[in-house]
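First up is the structure itself, then whatever we jot down about it.
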Amino acid sequence: MQIIESMISTRPNGLKRDSKRIAECVATCAECELACLACADACLVEHDLGMLRRCMRVTMDCAEVCGITARLLARPFSSDSELEWALLEACARACAVCGAACYHQAEKHEHCKLCGDACRRCEEICRELLREPEGS
Amino acid sequence: MQIIESMISTRPNGLKRDSKRIAECVATCAECELACLACADACLVEHDLGMLRRCMRVTMDCAEVCGITARLLARPFSSDSELEWALLEACARACAVCGAACYHQAEKHEHCKLCGDACRRCEEICRELLREPEGS
Amino acid sequence: MQIIESMISTRPNGLKRDSKRIAECVATCAECELACLACADACLVEHDLGMLRRCMRVTMDCAEVCGITARLLARPFSSDSELEWALLEACARACAVCGAACYHQAEKHEHCKLCGDACRRCEEICRELLREPEGS
Amino acid sequence: MQIIESMISTRPNGLKRDSKRIAECVATCAECELACLACADACLVEHDLGMLRRCMRVTMDCAEVCGITARLLARPFSSDSELEWALLEACARACAVCGAACYHQAEKHEHCKLCGDACRRCEEICRELLREPEGS
(Lines give C-alpha, C1' and ligand atoms only; values in the text may rest on other atoms or scores of the structure.)
Protein backbone atom coordinates (compact mmCIF):
# COMPACT_ATOMS: atom_id res chain seq x y z
CA MET A 1 0.00 0.00 0.00
CA GLN A 2 2.04 2.84 -1.36
CA ILE A 3 -0.67 5.27 -0.23
CA ILE A 4 -0.30 4.36 3.44
CA GLU A 5 3.45 4.88 3.27
CA SER A 6 2.87 8.27 1.64
CA MET A 7 0.23 9.16 4.23
CA ILE A 8 2.49 8.28 7.11
CA SER A 9 5.45 10.12 5.61
CA THR A 10 3.42 13.31 4.96
CA ARG A 11 2.58 13.77 8.59
CA PRO A 12 3.12 17.40 9.56
CA ASN A 13 5.71 16.62 12.20
CA GLY A 14 7.25 13.90 14.30
CA LEU A 15 8.50 10.55 13.11
CA LYS A 16 7.23 7.16 14.10
CA ARG A 17 9.75 4.47 13.31
CA ASP A 18 10.34 3.69 9.66
CA SER A 19 7.37 4.70 7.46
CA LYS A 20 8.13 1.99 4.90
CA ARG A 21 8.19 -0.77 7.49
CA ILE A 22 5.03 0.40 9.17
CA ALA A 23 3.21 0.70 5.85
CA GLU A 24 4.33 -2.81 4.94
CA CYS A 25 3.04 -4.12 8.26
CA VAL A 26 -0.29 -2.33 7.79
CA ALA A 27 -0.73 -3.83 4.32
CA THR A 28 0.25 -7.30 5.49
CA CYS A 29 -2.13 -7.20 8.48
CA ALA A 30 -4.98 -5.99 6.24
CA GLU A 31 -4.29 -8.77 3.75
CA CYS A 32 -4.14 -11.37 6.51
CA GLU A 33 -7.44 -10.18 8.00
CA LEU A 34 -9.16 -10.63 4.65
CA ALA A 35 -7.43 -13.94 3.90
CA CYS A 36 -8.69 -15.27 7.24
CA LEU A 37 -12.25 -14.20 6.52
CA ALA A 38 -12.06 -15.72 3.04
CA CYS A 39 -10.66 -18.98 4.42
CA ALA A 40 -13.35 -19.32 7.09
CA ASP A 41 -16.01 -18.67 4.48
CA ALA A 42 -14.49 -21.21 2.08
CA CYS A 43 -14.36 -23.80 4.89
CA LEU A 44 -18.13 -23.51 5.21
CA VAL A 45 -18.70 -25.27 1.88
CA GLU A 46 -16.19 -28.08 2.33
CA HIS A 47 -17.29 -31.69 2.62
CA ASP A 48 -15.02 -32.26 5.62
CA LEU A 49 -16.39 -29.27 7.53
CA GLY A 50 -16.29 -31.29 10.74
CA MET A 51 -12.49 -31.39 10.49
CA LEU A 52 -12.28 -27.64 10.06
CA ARG A 53 -13.86 -26.54 13.34
CA ARG A 54 -10.60 -25.44 14.90
CA CYS A 55 -9.41 -23.83 11.68
CA MET A 56 -12.58 -21.73 11.44
CA ARG A 57 -12.41 -20.64 15.06
CA VAL A 58 -8.85 -19.45 14.96
CA THR A 59 -9.26 -17.67 11.63
CA MET A 60 -12.10 -15.65 13.17
CA ASP A 61 -9.90 -14.56 16.08
CA CYS A 62 -6.96 -13.86 13.80
CA ALA A 63 -9.04 -11.75 11.40
CA GLU A 64 -10.17 -9.53 14.27
CA VAL A 65 -6.69 -9.02 15.69
CA CYS A 66 -5.07 -8.40 12.28
CA GLY A 67 -7.80 -5.88 11.45
CA ILE A 68 -7.35 -3.79 14.58
CA THR A 69 -3.54 -3.92 14.26
CA ALA A 70 -3.74 -2.57 10.70
CA ARG A 71 -6.11 0.19 11.76
CA LEU A 72 -4.06 1.31 14.76
CA LEU A 73 -0.76 1.32 12.88
CA ALA A 74 -2.27 3.17 9.90
CA ARG A 75 -2.91 6.19 12.11
CA PRO A 76 0.40 8.03 11.90
CA PHE A 77 0.16 9.88 15.20
CA SER A 78 -1.62 7.34 17.31
CA SER A 79 0.74 7.86 20.16
CA ASP A 80 0.39 5.15 22.75
CA SER A 81 3.36 2.99 21.81
CA GLU A 82 2.64 0.59 24.66
CA LEU A 83 -0.78 -0.14 23.16
CA GLU A 84 0.72 -0.64 19.70
CA TRP A 85 3.28 -2.96 21.23
CA ALA A 86 0.58 -5.01 22.96
CA LEU A 87 -1.39 -5.36 19.73
CA LEU A 88 1.65 -6.29 17.64
CA GLU A 89 2.38 -9.02 20.20
CA ALA A 90 -1.25 -10.21 20.15
CA CYS A 91 -1.27 -10.15 16.35
CA ALA A 92 1.96 -12.14 16.05
CA ARG A 93 0.53 -14.70 18.44
CA ALA A 94 -2.87 -14.97 16.72
CA CYS A 95 -1.10 -15.40 13.37
CA ALA A 96 1.17 -18.12 14.76
CA VAL A 97 -1.81 -20.05 16.12
CA CYS A 98 -3.91 -19.56 12.99
CA GLY A 99 -1.05 -20.27 10.61
CA ALA A 100 -0.32 -23.58 12.34
CA ALA A 101 -3.99 -24.62 12.23
CA CYS A 102 -4.28 -23.68 8.56
CA TYR A 103 -1.06 -25.42 7.48
CA HIS A 104 -2.42 -28.52 9.15
CA GLN A 105 -5.15 -28.51 6.47
CA ALA A 106 -2.98 -27.20 3.67
CA GLU A 107 -2.67 -30.46 1.76
CA LYS A 108 -6.40 -30.87 1.55
CA HIS A 109 -7.46 -27.28 1.03
CA GLU A 110 -5.67 -24.71 -1.07
CA HIS A 111 -7.46 -21.86 0.75
CA CYS A 112 -6.03 -23.09 4.05
CA LYS A 113 -2.56 -23.12 2.54
CA LEU A 114 -2.98 -19.56 1.24
CA CYS A 115 -4.31 -18.41 4.59
CA GLY A 116 -1.41 -20.09 6.37
CA ASP A 117 1.00 -18.26 4.06
CA ALA A 118 -0.67 -14.93 4.86
CA CYS A 119 -0.49 -15.65 8.59
CA ARG A 120 3.19 -16.57 8.40
CA ARG A 121 4.07 -13.36 6.56
CA CYS A 122 2.01 -11.34 9.01
CA GLU A 123 3.59 -12.95 12.06
CA GLU A 124 7.06 -12.28 10.66
CA ILE A 125 6.52 -8.62 9.96
CA CYS A 126 4.88 -8.01 13.34
CA ARG A 127 7.87 -9.62 15.03
CA GLU A 128 10.25 -7.51 12.97
CA LEU A 129 8.54 -4.33 14.15
CA LEU A 130 8.62 -5.62 17.72
CA ARG A 131 12.38 -6.14 17.48
CA GLU A 132 12.99 -2.70 16.05
CA PRO A 133 13.89 -0.05 18.61
CA GLU A 134 11.31 2.71 18.46
CA GLY A 135 12.42 5.95 16.96
CA SER A 136 15.08 4.25 14.88
CA MET B 1 -4.03 -8.42 -3.15
CA GLN B 2 -3.06 -11.42 -5.20
CA ILE B 3 -3.90 -13.66 -2.28
CA ILE B 4 -7.52 -12.60 -2.17
CA GLU B 5 -7.91 -13.29 -5.88
CA SER B 6 -6.34 -16.71 -5.35
CA MET B 7 -8.58 -17.38 -2.35
CA ILE B 8 -11.70 -16.46 -4.25
CA SER B 9 -10.70 -18.49 -7.30
CA THR B 10 -9.88 -21.60 -5.23
CA ARG B 11 -13.36 -21.86 -3.87
CA PRO B 12 -14.57 -25.47 -4.08
CA ASN B 13 -17.49 -24.70 -6.35
CA GLY B 14 -19.66 -21.94 -7.70
CA LEU B 15 -18.54 -18.71 -9.27
CA LYS B 16 -19.21 -15.23 -8.03
CA ARG B 17 -18.69 -12.68 -10.77
CA ASP B 18 -15.12 -12.09 -11.88
CA SER B 19 -12.58 -13.05 -9.18
CA LYS B 20 -10.05 -10.54 -10.43
CA ARG B 21 -12.50 -7.66 -10.25
CA ILE B 22 -13.78 -8.60 -6.83
CA ALA B 23 -10.26 -8.98 -5.47
CA GLU B 24 -9.38 -5.56 -6.89
CA CYS B 25 -12.42 -4.06 -5.19
CA VAL B 26 -11.57 -5.73 -1.87
CA ALA B 27 -8.00 -4.37 -2.00
CA THR B 28 -9.18 -0.89 -2.96
CA CYS B 29 -11.79 -0.77 -0.19
CA ALA B 30 -9.24 -1.95 2.37
CA GLU B 31 -6.76 0.68 1.21
CA CYS B 32 -9.40 3.39 1.33
CA GLU B 33 -10.45 2.41 4.85
CA LEU B 34 -6.88 2.78 6.07
CA ALA B 35 -6.25 5.98 4.11
CA CYS B 36 -9.33 7.52 5.75
CA LEU B 37 -8.15 6.56 9.23
CA ALA B 38 -4.67 7.90 8.49
CA CYS B 39 -6.11 11.16 7.13
CA ALA B 40 -8.37 11.75 10.15
CA ASP B 41 -5.45 11.10 12.45
CA ALA B 42 -3.18 13.45 10.49
CA CYS B 43 -5.88 16.16 10.63
CA LEU B 44 -5.67 16.03 14.44
CA VAL B 45 -2.22 17.65 14.45
CA GLU B 46 -2.91 20.37 11.90
CA HIS B 47 -2.90 24.04 12.86
CA ASP B 48 -6.16 24.67 11.01
CA LEU B 49 -7.98 21.82 12.76
CA GLY B 50 -11.09 23.98 13.00
CA MET B 51 -11.38 23.92 9.20
CA LEU B 52 -11.12 20.14 9.12
CA ARG B 53 -14.20 19.26 11.18
CA ARG B 54 -16.23 18.09 8.22
CA CYS B 55 -13.28 16.30 6.67
CA MET B 56 -12.70 14.34 9.87
CA ARG B 57 -16.33 13.40 10.27
CA VAL B 58 -16.78 12.05 6.76
CA THR B 59 -13.50 10.14 6.80
CA MET B 60 -14.71 8.31 9.92
CA ASP B 61 -17.94 7.29 8.19
CA CYS B 62 -16.11 6.36 5.01
CA ALA B 63 -13.54 4.23 6.84
CA GLU B 64 -16.31 2.18 8.45
CA VAL B 65 -18.21 1.60 5.22
CA CYS B 66 -15.09 0.73 3.19
CA GLY B 67 -14.01 -1.69 5.89
CA ILE B 68 -17.25 -3.66 5.95
CA THR B 69 -17.45 -3.70 2.15
CA ALA B 70 -13.96 -5.20 1.92
CA ARG B 71 -14.79 -7.82 4.54
CA LEU B 72 -18.09 -8.87 2.98
CA LEU B 73 -16.68 -9.10 -0.55
CA ALA B 74 -13.62 -11.03 0.63
CA ARG B 75 -15.82 -13.91 1.71
CA PRO B 76 -16.15 -15.89 -1.52
CA PHE B 77 -19.47 -17.57 -0.74
CA SER B 78 -21.19 -14.89 1.20
CA SER B 79 -24.36 -15.33 -0.72
CA ASP B 80 -26.78 -12.50 -0.16
CA SER B 81 -26.18 -10.52 -3.32
CA GLU B 82 -28.81 -7.95 -2.32
CA LEU B 83 -26.81 -7.15 0.81
CA GLU B 84 -23.58 -6.89 -1.17
CA TRP B 85 -25.36 -4.62 -3.60
CA ALA B 86 -26.58 -2.34 -0.80
CA LEU B 87 -23.11 -2.09 0.70
CA LEU B 88 -21.41 -1.39 -2.64
CA GLU B 89 -23.94 1.43 -3.13
CA ALA B 90 -23.34 2.78 0.38
CA CYS B 91 -19.58 2.52 -0.10
CA ALA B 92 -19.64 4.38 -3.42
CA ARG B 93 -21.72 7.10 -1.80
CA ALA B 94 -19.54 7.43 1.29
CA CYS B 95 -16.44 7.62 -0.92
CA ALA B 96 -18.02 10.30 -3.10
CA VAL B 97 -18.88 12.42 -0.06
CA CYS B 98 -15.51 11.87 1.60
CA GLY B 99 -13.52 12.36 -1.59
CA ALA B 100 -15.21 15.70 -2.22
CA ALA B 101 -14.55 16.89 1.34
CA CYS B 102 -10.92 15.78 1.18
CA TYR B 103 -10.22 17.34 -2.23
CA HIS B 104 -11.56 20.58 -0.80
CA GLN B 105 -8.53 20.54 1.53
CA ALA B 106 -6.09 19.02 -0.96
CA GLU B 107 -4.12 22.16 -1.65
CA LYS B 108 -3.40 22.72 1.99
CA HIS B 109 -2.89 19.15 3.13
CA GLU B 110 -1.16 16.41 1.19
CA HIS B 111 -2.82 13.74 3.35
CA CYS B 112 -6.23 15.05 2.32
CA LYS B 113 -5.23 14.86 -1.35
CA LEU B 114 -4.02 11.27 -0.93
CA CYS B 115 -7.20 10.34 0.90
CA GLY B 116 -9.30 11.99 -1.80
CA ASP B 117 -7.43 9.94 -4.43
CA ALA B 118 -8.11 6.73 -2.50
CA CYS B 119 -11.80 7.62 -2.21
CA ARG B 120 -12.07 8.37 -5.91
CA ARG B 121 -10.52 5.03 -6.88
CA CYS B 122 -12.74 3.22 -4.42
CA GLU B 123 -15.91 4.92 -5.63
CA GLU B 124 -15.04 4.03 -9.23
CA ILE B 125 -14.42 0.37 -8.61
CA CYS B 126 -17.55 -0.01 -6.49
CA ARG B 127 -19.59 1.55 -9.30
CA GLU B 128 -17.96 -0.78 -11.84
CA LEU B 129 -19.03 -3.81 -9.83
CA LEU B 130 -22.52 -2.36 -9.48
CA ARG B 131 -22.78 -2.02 -13.26
CA GLU B 132 -21.59 -5.56 -13.88
CA PRO B 133 -24.35 -8.14 -14.27
CA GLU B 134 -23.95 -10.77 -11.61
CA GLY B 135 -22.73 -14.15 -12.74
CA SER B 136 -20.97 -12.69 -15.76
CA MET C 1 -27.60 1.89 27.02
CA GLN C 2 -28.50 4.87 29.13
CA ILE C 3 -25.08 6.35 28.48
CA ILE C 4 -25.58 6.53 24.73
CA GLU C 5 -28.89 8.31 25.19
CA SER C 6 -27.19 10.77 27.53
CA MET C 7 -24.30 11.24 25.12
CA ILE C 8 -26.60 11.93 22.21
CA SER C 9 -28.75 14.32 24.24
CA THR C 10 -25.74 16.30 25.53
CA ARG C 11 -24.62 17.25 22.07
CA PRO C 12 -23.78 20.95 21.98
CA ASN C 13 -26.35 21.81 19.36
CA GLY C 14 -28.68 20.37 16.77
CA LEU C 15 -31.11 17.54 17.19
CA LYS C 16 -31.08 14.26 15.39
CA ARG C 17 -34.46 12.58 15.62
CA ASP C 18 -35.46 11.20 18.99
CA SER C 19 -32.42 10.51 21.24
CA LYS C 20 -34.22 7.78 23.11
CA ARG C 21 -35.15 5.90 19.98
CA ILE C 22 -31.70 6.21 18.47
CA ALA C 23 -30.05 5.04 21.67
CA GLU C 24 -32.41 2.06 21.78
CA CYS C 25 -31.52 1.20 18.19
CA VAL C 26 -27.78 1.51 18.93
CA ALA C 27 -28.07 -0.83 21.93
CA THR C 28 -30.18 -3.34 20.00
CA CYS C 29 -27.78 -3.40 17.04
CA ALA C 30 -24.80 -3.86 19.35
CA GLU C 31 -26.56 -6.70 21.15
CA CYS C 32 -27.51 -8.36 17.87
CA GLU C 33 -23.93 -8.12 16.56
CA LEU C 34 -22.65 -9.92 19.64
CA ALA C 35 -25.48 -12.48 19.66
CA CYS C 36 -24.64 -13.34 16.04
CA LEU C 37 -20.95 -13.82 16.85
CA ALA C 38 -21.85 -15.94 19.88
CA CYS C 39 -24.26 -18.06 17.83
CA ALA C 40 -21.75 -18.70 15.03
CA ASP C 41 -19.17 -19.69 17.60
CA ALA C 42 -21.60 -22.00 19.40
CA CYS C 43 -22.52 -23.63 16.07
CA LEU C 44 -18.88 -24.66 15.67
CA VAL C 45 -19.13 -27.23 18.47
CA GLU C 46 -22.47 -28.75 17.48
CA HIS C 47 -22.73 -32.34 16.29
CA ASP C 48 -24.90 -31.35 13.34
CA LEU C 49 -22.47 -28.69 12.13
CA GLY C 50 -23.15 -29.71 8.53
CA MET C 51 -26.76 -28.51 8.93
CA LEU C 52 -25.60 -25.13 10.23
CA ARG C 53 -23.59 -23.94 7.25
CA ARG C 54 -26.16 -21.41 6.12
CA CYS C 55 -26.84 -20.29 9.69
CA MET C 56 -23.16 -19.60 10.27
CA ARG C 57 -22.74 -17.71 7.03
CA VAL C 58 -25.66 -15.36 7.56
CA THR C 59 -24.79 -14.69 11.20
CA MET C 60 -21.34 -13.52 10.05
CA ASP C 61 -22.86 -11.07 7.58
CA CYS C 62 -25.44 -9.92 10.09
CA ALA C 63 -22.86 -9.33 12.81
CA GLU C 64 -20.88 -7.04 10.50
CA VAL C 65 -23.88 -5.00 9.41
CA CYS C 66 -25.31 -4.65 12.93
CA GLY C 67 -21.90 -3.55 14.19
CA ILE C 68 -21.45 -0.76 11.69
CA THR C 69 -25.04 0.42 12.13
CA ALA C 70 -24.54 0.73 15.89
CA ARG C 71 -21.28 2.62 15.41
CA LEU C 72 -22.65 5.06 12.86
CA LEU C 73 -25.82 5.82 14.84
CA ALA C 74 -23.87 6.25 18.07
CA ARG C 75 -22.08 9.25 16.62
CA PRO C 76 -24.53 12.06 17.42
CA PHE C 77 -23.50 14.42 14.61
CA SER C 78 -22.66 11.96 11.92
CA SER C 79 -24.54 13.95 9.38
CA ASP C 80 -25.09 12.00 6.20
CA SER C 81 -28.66 10.92 6.72
CA GLU C 82 -28.72 9.15 3.35
CA LEU C 83 -25.87 6.90 4.49
CA GLU C 84 -27.59 6.18 7.80
CA TRP C 85 -30.74 5.37 5.89
CA ALA C 86 -28.90 2.95 3.61
CA LEU C 87 -27.33 1.18 6.56
CA LEU C 88 -30.58 0.93 8.52
CA GLU C 89 -32.13 -0.68 5.44
CA ALA C 90 -29.19 -3.06 5.03
CA CYS C 91 -29.30 -3.92 8.74
CA ALA C 92 -33.05 -4.62 8.71
CA ARG C 93 -32.53 -6.89 5.70
CA ALA C 94 -29.55 -8.75 7.17
CA CYS C 95 -31.48 -9.29 10.41
CA ALA C 96 -34.52 -10.60 8.52
CA VAL C 97 -32.37 -13.10 6.60
CA CYS C 98 -30.38 -14.15 9.66
CA GLY C 99 -33.42 -14.31 11.94
CA ALA C 100 -35.20 -16.64 9.50
CA ALA C 101 -32.17 -18.92 9.20
CA CYS C 102 -31.72 -19.03 12.97
CA TYR C 103 -35.38 -19.71 13.76
CA HIS C 104 -35.15 -22.61 11.33
CA GLN C 105 -32.72 -24.21 13.83
CA ALA C 106 -34.42 -22.90 16.97
CA GLU C 107 -35.95 -26.19 18.05
CA LYS C 108 -32.60 -27.93 17.99
CA HIS C 109 -30.37 -25.20 19.29
CA GLU C 110 -31.21 -22.72 22.03
CA HIS C 111 -28.44 -20.37 20.84
CA CYS C 112 -30.07 -20.19 17.41
CA LYS C 113 -33.40 -19.31 19.04
CA LEU C 114 -31.77 -16.57 21.11
CA CYS C 115 -29.96 -15.22 18.07
CA GLY C 116 -33.20 -15.28 16.07
CA ASP C 117 -34.89 -13.29 18.85
CA ALA C 118 -32.10 -10.70 18.79
CA CYS C 119 -32.37 -10.41 15.00
CA ARG C 120 -36.13 -9.97 15.14
CA ARG C 121 -35.87 -7.17 17.70
CA CYS C 122 -33.11 -5.51 15.72
CA GLU C 123 -35.02 -5.70 12.45
CA GLU C 124 -38.08 -4.17 14.13
CA ILE C 125 -36.29 -1.23 15.63
CA CYS C 126 -34.39 -0.47 12.42
CA ARG C 127 -37.68 -0.45 10.54
CA GLU C 128 -39.23 1.84 13.15
CA LEU C 129 -36.44 4.37 12.66
CA LEU C 130 -36.83 4.08 8.90
CA ARG C 131 -40.53 4.90 9.19
CA GLU C 132 -39.90 7.91 11.42
CA PRO C 133 -39.66 11.23 9.60
CA GLU C 134 -36.24 12.73 10.27
CA GLY C 135 -36.15 15.72 12.55
CA SER C 136 -39.32 14.67 14.34
CA MET D 1 -27.02 -7.89 27.92
CA GLN D 2 -29.06 -10.75 29.27
CA ILE D 3 -28.96 -12.39 25.87
CA ILE D 4 -25.18 -12.71 25.85
CA GLU D 5 -25.23 -14.33 29.26
CA SER D 6 -27.89 -16.76 28.04
CA MET D 7 -25.92 -17.45 24.86
CA ILE D 8 -22.77 -18.17 26.78
CA SER D 9 -24.55 -20.35 29.32
CA THR D 10 -26.33 -22.43 26.62
CA ARG D 11 -23.10 -23.60 25.11
CA PRO D 12 -23.30 -27.34 24.43
CA ASN D 13 -20.36 -28.20 26.65
CA GLY D 14 -17.40 -26.81 28.51
CA LEU D 15 -17.36 -23.87 30.84
CA LYS D 16 -15.46 -20.68 30.43
CA ARG D 17 -15.17 -18.80 33.70
CA ASP D 18 -18.33 -17.25 35.07
CA SER D 19 -20.93 -16.59 32.35
CA LYS D 20 -22.45 -13.69 34.24
CA ARG D 21 -19.11 -11.92 34.65
CA ILE D 22 -18.11 -12.44 31.05
CA ALA D 23 -21.46 -11.19 29.80
CA GLU D 24 -21.13 -8.12 32.00
CA CYS D 25 -17.68 -7.47 30.60
CA VAL D 26 -18.92 -7.88 27.02
CA ALA D 27 -21.75 -5.42 27.62
CA THR D 28 -19.46 -2.91 29.32
CA CYS D 29 -16.86 -3.09 26.54
CA ALA D 30 -19.55 -2.64 23.88
CA GLU D 31 -20.96 0.35 25.75
CA CYS D 32 -17.52 1.88 26.16
CA GLU D 33 -16.74 1.44 22.45
CA LEU D 34 -19.88 3.33 21.52
CA ALA D 35 -19.42 6.01 24.21
CA CYS D 36 -15.91 6.67 22.83
CA LEU D 37 -17.20 7.03 19.27
CA ALA D 38 -19.98 9.34 20.47
CA CYS D 39 -17.53 11.44 22.48
CA ALA D 40 -15.09 11.86 19.59
CA ASP D 41 -17.95 12.85 17.33
CA ALA D 42 -19.30 15.35 19.87
CA CYS D 43 -15.81 16.85 20.26
CA LEU D 44 -15.88 17.71 16.55
CA VAL D 45 -18.51 20.41 17.05
CA GLU D 46 -17.00 22.03 20.14
CA HIS D 47 -15.63 25.57 20.08
CA ASP D 48 -12.46 24.52 21.87
CA LEU D 49 -11.70 21.71 19.43
CA GLY D 50 -8.02 22.61 19.56
CA MET D 51 -7.96 21.56 23.23
CA LEU D 52 -9.55 18.21 22.44
CA ARG D 53 -6.91 16.78 20.09
CA ARG D 54 -5.56 14.31 22.60
CA CYS D 55 -9.03 13.39 23.81
CA MET D 56 -10.14 12.58 20.27
CA ARG D 57 -7.08 10.50 19.51
CA VAL D 58 -7.29 8.32 22.57
CA THR D 59 -11.05 7.78 22.24
CA MET D 60 -10.44 6.42 18.72
CA ASP D 61 -7.87 3.92 20.01
CA CYS D 62 -10.05 2.99 22.97
CA ALA D 63 -13.13 2.44 20.80
CA GLU D 64 -11.21 -0.05 18.63
CA VAL D 65 -9.78 -2.00 21.55
CA CYS D 66 -13.09 -2.14 23.46
CA GLY D 67 -14.86 -3.30 20.31
CA ILE D 68 -12.55 -6.23 19.65
CA THR D 69 -12.53 -7.23 23.33
CA ALA D 70 -16.34 -7.39 23.35
CA ARG D 71 -16.38 -9.44 20.16
CA LEU D 72 -13.76 -11.94 21.28
CA LEU D 73 -15.32 -12.47 24.71
CA ALA D 74 -18.82 -12.82 23.25
CA ARG D 75 -17.75 -15.97 21.43
CA PRO D 76 -18.29 -18.62 24.08
CA PHE D 77 -15.77 -21.15 22.78
CA SER D 78 -13.10 -18.89 21.46
CA SER D 79 -10.42 -20.88 23.09
CA ASP D 80 -7.10 -19.08 23.09
CA SER D 81 -7.10 -17.81 26.65
CA GLU D 82 -3.70 -16.20 26.18
CA LEU D 83 -5.11 -14.03 23.40
CA GLU D 84 -8.13 -13.09 25.54
CA TRP D 85 -5.77 -12.23 28.34
CA ALA D 86 -3.68 -9.99 26.09
CA LEU D 87 -6.74 -8.15 24.87
CA LEU D 88 -8.22 -7.69 28.33
CA GLU D 89 -4.88 -6.16 29.37
CA ALA D 90 -4.79 -3.92 26.30
CA CYS D 91 -8.41 -2.90 26.89
CA ALA D 92 -7.84 -2.03 30.54
CA ARG D 93 -4.84 0.05 29.51
CA ALA D 94 -6.63 1.87 26.67
CA CYS D 95 -9.54 2.63 29.02
CA ALA D 96 -7.19 3.97 31.70
CA VAL D 97 -5.50 6.31 29.20
CA CYS D 98 -8.76 7.40 27.59
CA GLY D 99 -10.59 7.81 30.90
CA ALA D 100 -7.84 10.08 32.22
CA ALA D 101 -7.87 12.24 29.07
CA CYS D 102 -11.66 12.49 29.14
CA TYR D 103 -11.91 13.34 32.84
CA HIS D 104 -9.42 16.12 32.15
CA GLN D 105 -12.16 17.72 30.01
CA ALA D 106 -15.08 16.64 32.17
CA GLU D 107 -15.81 20.04 33.68
CA LYS D 108 -16.15 21.64 30.30
CA HIS D 109 -17.84 18.88 28.40
CA GLU D 110 -20.52 16.58 29.70
CA HIS D 111 -19.84 14.07 26.91
CA CYS D 112 -16.23 13.79 28.07
CA LYS D 113 -17.42 13.12 31.60
CA LEU D 114 -19.80 10.42 30.42
CA CYS D 115 -17.10 8.85 28.28
CA GLY D 116 -14.67 8.94 31.19
CA ASP D 117 -17.27 7.16 33.35
CA ALA D 118 -17.70 4.46 30.69
CA CYS D 119 -13.92 4.01 30.46
CA ARG D 120 -13.55 3.71 34.22
CA ARG D 121 -16.26 1.05 34.45
CA CYS D 122 -14.73 -0.82 31.54
CA GLU D 123 -11.22 -0.72 32.96
CA GLU D 124 -12.52 -2.04 36.30
CA ILE D 125 -14.38 -4.98 34.87
CA CYS D 126 -11.50 -5.96 32.58
CA ARG D 127 -9.18 -5.93 35.59
CA GLU D 128 -11.63 -8.03 37.58
CA LEU D 129 -11.64 -10.69 34.88
CA LEU D 130 -7.85 -10.55 34.72
CA ARG D 131 -7.65 -11.23 38.47
CA GLU D 132 -10.05 -14.13 38.29
CA PRO D 133 -8.41 -17.54 37.98
CA GLU D 134 -9.58 -19.18 34.79
CA GLY D 135 -11.97 -22.06 35.15
CA SER D 136 -13.23 -20.81 38.49
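By written order: A, B, C and D. Residues from 1 in each chain.
Rule of thumb we're sticking to: a residue touches a chain if its C-beta (ideal position, glycine included) is under 8 Å from a C-beta of that chain, and two chains touch if they have at least 3 such contacts.
What you see is a predicted model; the values in this text were computed from it and never measured.
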In terms of CA centroids, furthest away from chain C sits chain A
If you tally C-beta contacts across A-C and across A-B, the winner is A-B
Chain centres from averaged Cα atoms put chain A and chain D apart, in whole Å, by 22
Distance in whole angstrom between the CA centres of chain A and chain B is 19
Per the C-alpha centroid definition, the whole-Å distance linking chain A and chain C comes out as 27
Flagged in chain D as touching 2+ other chains are 40-41, 44-45, 57, 60, 67, 71, 75, 77-78
Seen from chain D, its contact residues with chain B in the complex are 40-41, 44-45, 49-50, 53, 56-57, 60
The answer for chain B against chain C in the complex is residues 57-58, 60-61, 64-65, 67-68, 71-72, 75, 77-80, 82-83, 86-87, 89-90, 93-94, 97
The answer for chain C against chain D in the complex is residues 1, 3-4, 6-8, 10-14, 26, 30-31, 33-35, 37-42, 44-46, 67, 70-71, 74-78, 110-111, 114-115, 117-118
